[in-house]
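Below are two complexes that have subunit A in common, paired first with subunit B and then with subunit C.
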Partner chain A sequence: MVQKAGLLIEEPIRTAKLNAEFKFEIAKVPGGETINHCFQCGKCTASCPIRRFDKRYNPRVIIRATLLGMKDVVLSSPIIWMCATCYSCSERCPQGVRFTDIMRVIRNMAVAEGKVNPFYKKTAEAIIQFGRTFDSPDFINEMRCDLGLPPVTSLDRQEIAKIIGELKVNRSKESLNK
Partner chain B sequence: MKEEKDSSKQAPAMVDVFLCDCGHELSRVIDFGQLEEHVSNIKSVKSVRKCSFLCSDLGLNELKAVAKNGAQRLVIAACSPKLYEPLFRQSLKAVDFDPFMLEMANIREQCAWPNADDSLGATEKAKRLVEAAVAKAQMIESVGEQGFDIEKAVLVIGAGVAGLQAAIDAGDFGHKVTLIEKEPVIGGNALKLGLAFPTDDGAFCISPSKLVPSIRKCFYRVGLLQHPNIKVRTLSEVEEVNGSCGNFNVKIMSNPRGVDQRLCTNCGKCAEVCPVEIANAFNYGLNKRKAIYLPHPNAVPPVYVIDWKSCTKCGKCAETCPAHAVDLYEKSTQTKENFGAIVIATGFQEYDPSGIKQYKYSVDKDVITQLELSRILDPFGPTGGQLVKPSDGKPPKRITMVQCVGSRDTSTNAYCSKICCMVALKHSILIKETYGRDVEVYFCYMDIRTPGKGYEEYFSRARALGVTFIRGKPSEIYRDPSKNCLIVDVEDTILNMPLELETDLAVLSVAMRPTKGIENLTKALGVEVDCDGFVKEVYPKLRQTETNVKGIYVCGGAQAPKDIPESVTQAEAVAFHVISDLSKKTYQKSLDIAFVKEEACDGCKICVDACPFDAIEIVEVEKTADHKSSSVARINAIRCDRCGTCSGRCPTGAIQLRRYTDDQAMNQISALLSPNNGILSPKIVAFCCDECGYATVDLVGMGKIKYPANILPVRTPCLNWISLYHIFKTFEHGADGVLLVGCKIGKCQHLNVEANAEKTVKFAKDIMDEIGLNGDRLEMISVCAAEPTRFTRAAESLVSVTKKIGPVPKNGILREDLSKQVMKEGS
Partner chain C sequence: MKYVFFQGCTTPQKENAYELSMRKVAAKLGIELVTLEEQNCCGFFVEPVDHLSATIMAARDLALFDASGLNAVTPCPACYGQLTRVRNELLADKKLFDEVNSALKTVDRKFVGTSEIKHFMTVLIDEVGMEKIKASVVKPLSNLKVAPFYGCHILKPSYEVNTDNPEDPQLLDSLIALTGAKLVDYGEKKLCCGQSVGGVDEELSLNLSKTKLKSIKKAGADVMVTVCPACHMQFDLVAGAKLRDLAIPVLHYTQLLGLAQGLSPSELGLGENRVSTDAILEMIGMV
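Let's look at the complex of A and B:
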């Protein structure tokens, strides 16, 4: 096994072990259509601000592994959760590859398989529980008060539970609880 | 060839000189009073006239008046001859004065402008340049013109895309065209290709003929046979070629077809009864055919043909044929015809990758080439268009394209074959669009090269369709018996990881090679080929379709790897050349070309081998001196391109270039270098070739870039004209240094890839070191006219080097006999 940009890949790569359908699965989902257009120029990686903080993070390599059909490798990697969705890559890609959107599709697939980063799991749980990524702590309201702003209104949690139900994220919820 | 006139016996010609100061532009630097005085004191000068704008109507009238008034030779000291020499010559011609009796001294671009900060030097240099021009003018001879008749017919060799296009264009214009093809059908590789990029329609669709419009559609191509001006001869090859531009005599050999073209109705009954069944070579052995067969349903002519190698002459076909078209004892025919021009359109063939053992071509049946895949994908092909593996006839699930097989590889062909990326992309798209996700396509490449209108779109389409691109050249292809599939070992150079690719069919994108047999053809035609065997063009940038032999043109894959659009464009360009050549009544050529002094010629053949234009042959003549027959060189006046390479290599001085004979040149050099009054010391003679060399020095002057006045430029033919004799004689006449300024090596208009001049310089330097003259006095630079500073740097450096070495020793080192000895060794 070799570490490539945060992906754990078996060497040599054997096409027999790859999933040729992976790229088509992604292309099927709205936002993932452009994946096949990539020709590996690397402008995405060169533009990525996350890469400045973590050298492992490399959008080009994530696409490469995806196009080769390394489904398990990509979905189980912690690296796919690092995208900050700044859209620099999508803006600059010469082939119109919407990498940020593709990242979302890939993350959703990972979630569907129960492969989710613990941090995201906590965030998701908070949304289900509080309707926000965090429950408004007192210090925020104190700061708002100092600035002359009204306190944060409390949320109707039942309403939020209904919305989440309507959005059919139950499946994800189940996955989350696995 | 006329013998050289012995100019020494006649009274020396007198010269009238014009000194043009370009509207006082030159007199700001050059002291014209001094110059005029100096020139009038030259013995052979009859008159000197100062003028201001010789190129104006007023000036030209003055020139004409002098020419009419009994002038023998004229010298004009003015701007570069490259600018107004044609104008002056025209004016002289208008008053019936031989325009060749004019010589120019370039005192603007090569004197006043680059030496503007050295008035003393520039004035002395101008004196030297004018005196040299006068010396040369004294010795120049009238050369005259010759007309050559032009046969109004063209031979096109090869009936592929390029040959067909050239033939149709020339035929539509009204010229008689003979189109010969060595195969039994026309179309070449296009007939095998099926679909073509960038239009995704038939490769064999060509431009319609204005006279037979229906032929655009490949299956109506048979209309070509009814074209009033085109005669198609299949199964034919060129045997022998004589003559030259305007009148080539060609022996054409036609092999027997065994079936009468006029009688055969293409019914196929002959093939039904034929008992012989062999592998179909047209389809690369992917299916079988009979000994009497039709290569392709679209075959033109639509006539069966007998494969004589496998035919047993059982006679069944002849018995069965309802049209009585079969003739089992047909003989080959030979004809001799005359053509005004010849077009080489012999196309390409695929490189045979069997030699690249690691790819197992011809070992494993499932390793094929792109053309074989074309045959498989063709609905009229051996599998009816069904994509199957040749090994077992089953459909493949995974296909791998392997790029650059035999291309970009110094052990096979170093060049890029240009079309393979597009061919492989076209096939990938075709497969993906037909079979979708049932067939995986892998594409192993080093670089994807798609420069062309609408070409990059193929790459985008292939990616969008889900073709998996792997950047890396496979190291090996082998069969895994346990899985019954091929394994392609390759490095994914994007991930820097080895990759094992399981595949059912490996398709090699092999290099394009010139067609087999092109060696014999080019030899018969006297046409040069490049190091890869393709026909060599005169100049890669501007004269791509002309060969070294005037009147012989090249288009399509015979010249270099290229695709259909480019072949068609080139064929159209060739048709233009042919049409313009044949439209003239005669071909007029001024005879300032090479000539042979037969008494001095040994018939050693050095010139024959050296001539880049195949313009010299050895003939037997009876010499006047002793009435004995001996071999001498003879110049073909049409082919000679005036480069002087023959003269530079001739060991006896027997072969000379008109207007640049050794005597003329040395008379000029002697005048250029005397007297030695020390003003221009050290004196450097710069021999500048007539193309980029002279142009570079002119451009330096036009840009007013400075270099020392010590540099004395001399216009010469191609630098290959320079011999050891010229170099050592120049030193003997008092030069302290010699600079040769020529075109870029291999990019010379005269095709001199061999760089004879470089060899001469190297050899001369060795001798100079040996005899104590110091080889550093001699330098050669290869420049293009857009590189002025390379010349000025070389000029400055040579002046400072010769200053450091000191003057050439006067006593003894360069005796006449020594330079003669040097000449002998040199040859």
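Let's look at the complex of A and C:
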């Protein structure tokens, strides 16, 4: 096993261990459609501010590994949680590959397999529970009152859990009917 | 001009002076901000974990805007980008539109797509107009050298938000010029602030901020000006504490404009800024 651009890769690469469906799975999800347009020029990597300060992170290599079908390698790597979502890569790609959106699809797939960065997990869980990034607005409202600002708006947090649940149940029913 | 005010999470939690100054400046320019109850997080921070949950959260906010019959305005570029993107997606994908609405129906809400979300800067440029803003300036800040900082999400992805050219943005530069302040160009103008990776790798996040601050210092700016609560937090709160030697005053654009409109530092919440703004107030003769 060798570390290449933050990915743990077994060399030589054996085709039998690759998952050719991976790129098509990504392309099927909204946001992932452009993955197959990549021709490996590396403009994404050259434009990436994270890459600039941490040489382990390399969008081009993540795309290459994805196109080769290294599903487990990509989804298990902590490197996929380093994207800053700045969209520089997507803006500059000569092939119109929207890598920032693809990264979101890849992260969602990793989460579905139970592989998630603890910071992102904690943040998203809190938001879904509270309906926003903070729980009780009392402390915030005290600060706001001192500045002459109105309190933060009311929110029925039960409603958030309900609509998220409904959407997911409807989706899974539909996929069962397929 | 009447909009519902979409607060987002970061602004009330960490950057109340942004909202305060935005409200004061809006009042000066005849923009009425209507309170909208029941708003939730736009879903931006949920996207990396679950796109579907993030989409329905954004759709619920968009449904609130539709029900109000007004467009919404937010101080936060991340909310602006997320709500714009989800609205585009729902209007382009009938199947998703139906799925989302069938879930929203269980809580008596409906996404139609009649209302739009705008960022406060786009309202200033597109709705208020340069002439009117310029006419509101009573105290030109001609002594001040300002480094504009756009951040990422007010400009990108341009295929969703389409605000300005991300490779050579002029929007904030032209808004700053209206206050009479001098614009300072600097090499790292387009570099991301690093805030969004702070939770995963703090050192990396600070390396981005450090590089940016060094470039701004080298260019000789007195103050940097932001249009994003998260960027402001990164440079004022985080860098202000952890990169003390490099930190410089950071104003929200609305604070800068408010000063030029003759509003007092306390009306604009300047006391809330963590990096002291005393030096710049002295330069413009307000101490």
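Here is the rule we use: the second predicted complex is superposed on the first by the 151 of 178 C-alpha atoms of A that agree within 3 Å, B and C clash if a C-alpha of one lies under 4 Å from a C-alpha of the other, contacts with A are read in each partner's own complex, and residues count from 1 in each chain.
One rule holds in what follows: contacts are C-beta pairs under 8 Å (C-beta built on N, C-alpha and C of every residue); 3 or more make two chains touch, one makes a residue touch a chain.
Computed from a prediction, not measured in an experiment: that's the story for all the values here.
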item: Fit or clash between subunit C and subunit B when superposed on subunit A; value: fit
item: First (subunit B), second (subunit C), both or neither touched by A:Ala20; value: first
item: Touching partner for A:Ser154 - first (subunit B), second (subunit C), both, neither; value: second
item: Touched partner set for A:Pro12, first subunit B, second subunit C, both or neither; value: first
item: Touched partner set for A:Lys4, first subunit B, second subunit C, both or neither; value: first
item: Contacts of A:Ser77 with subunit B and subunit C, given as first, second, both or neither; value: neither
item: Partner touching more residues of subunit A, whether subunit B or subunit C; value: C
item: Which superposed partner A:Ile128 touches (first subunit B, second subunit C, both, neither); value: second
item: Superposed arrangement (fit on chain A Cα atoms) - minimum subunit B/subunit C Cα distance in Å; value: 21
item: Subunit A positions touched by subunit B in one structure and by subunit C in the second; value: none
item: Contacting residues of subunit B [partner subunit A, same complex]; value: 398, 437, 440, 442, 448, 459-460, 463-466, 468-469, 471, 483, 492, 494-503
item: Complex contact set, residues of subunit A against subunit C; value: 29-31, 49-50, 53-54, 81-82, 84-88, 90-91, 98, 100-101, 104-105, 107-108, 111, 116-117, 119-121, 123-124, 127-128, 131-134, 137, 140, 143-144, 147-150, 152-157, 159-160, 162-164, 166-168, 170-171
item: Partner subunit A, residues of subunit C touching it in the complex; value: 7, 9-10, 12-13, 16-17, 19-20, 23, 35-41, 43, 45-53, 55-57, 60, 89, 93, 96, 99-100, 102-104, 106-107, 152-153, 156-159, 166-167, 190-192, 194, 196-197, 199-201, 204, 207-208, 211, 269, 272
item: Subunit B-touching residues of subunit A, taken from the complex the two chains share; value: 2, 4, 9, 11-16, 20-21, 23-24, 36-40, 61, 64-65, 67-69, 95
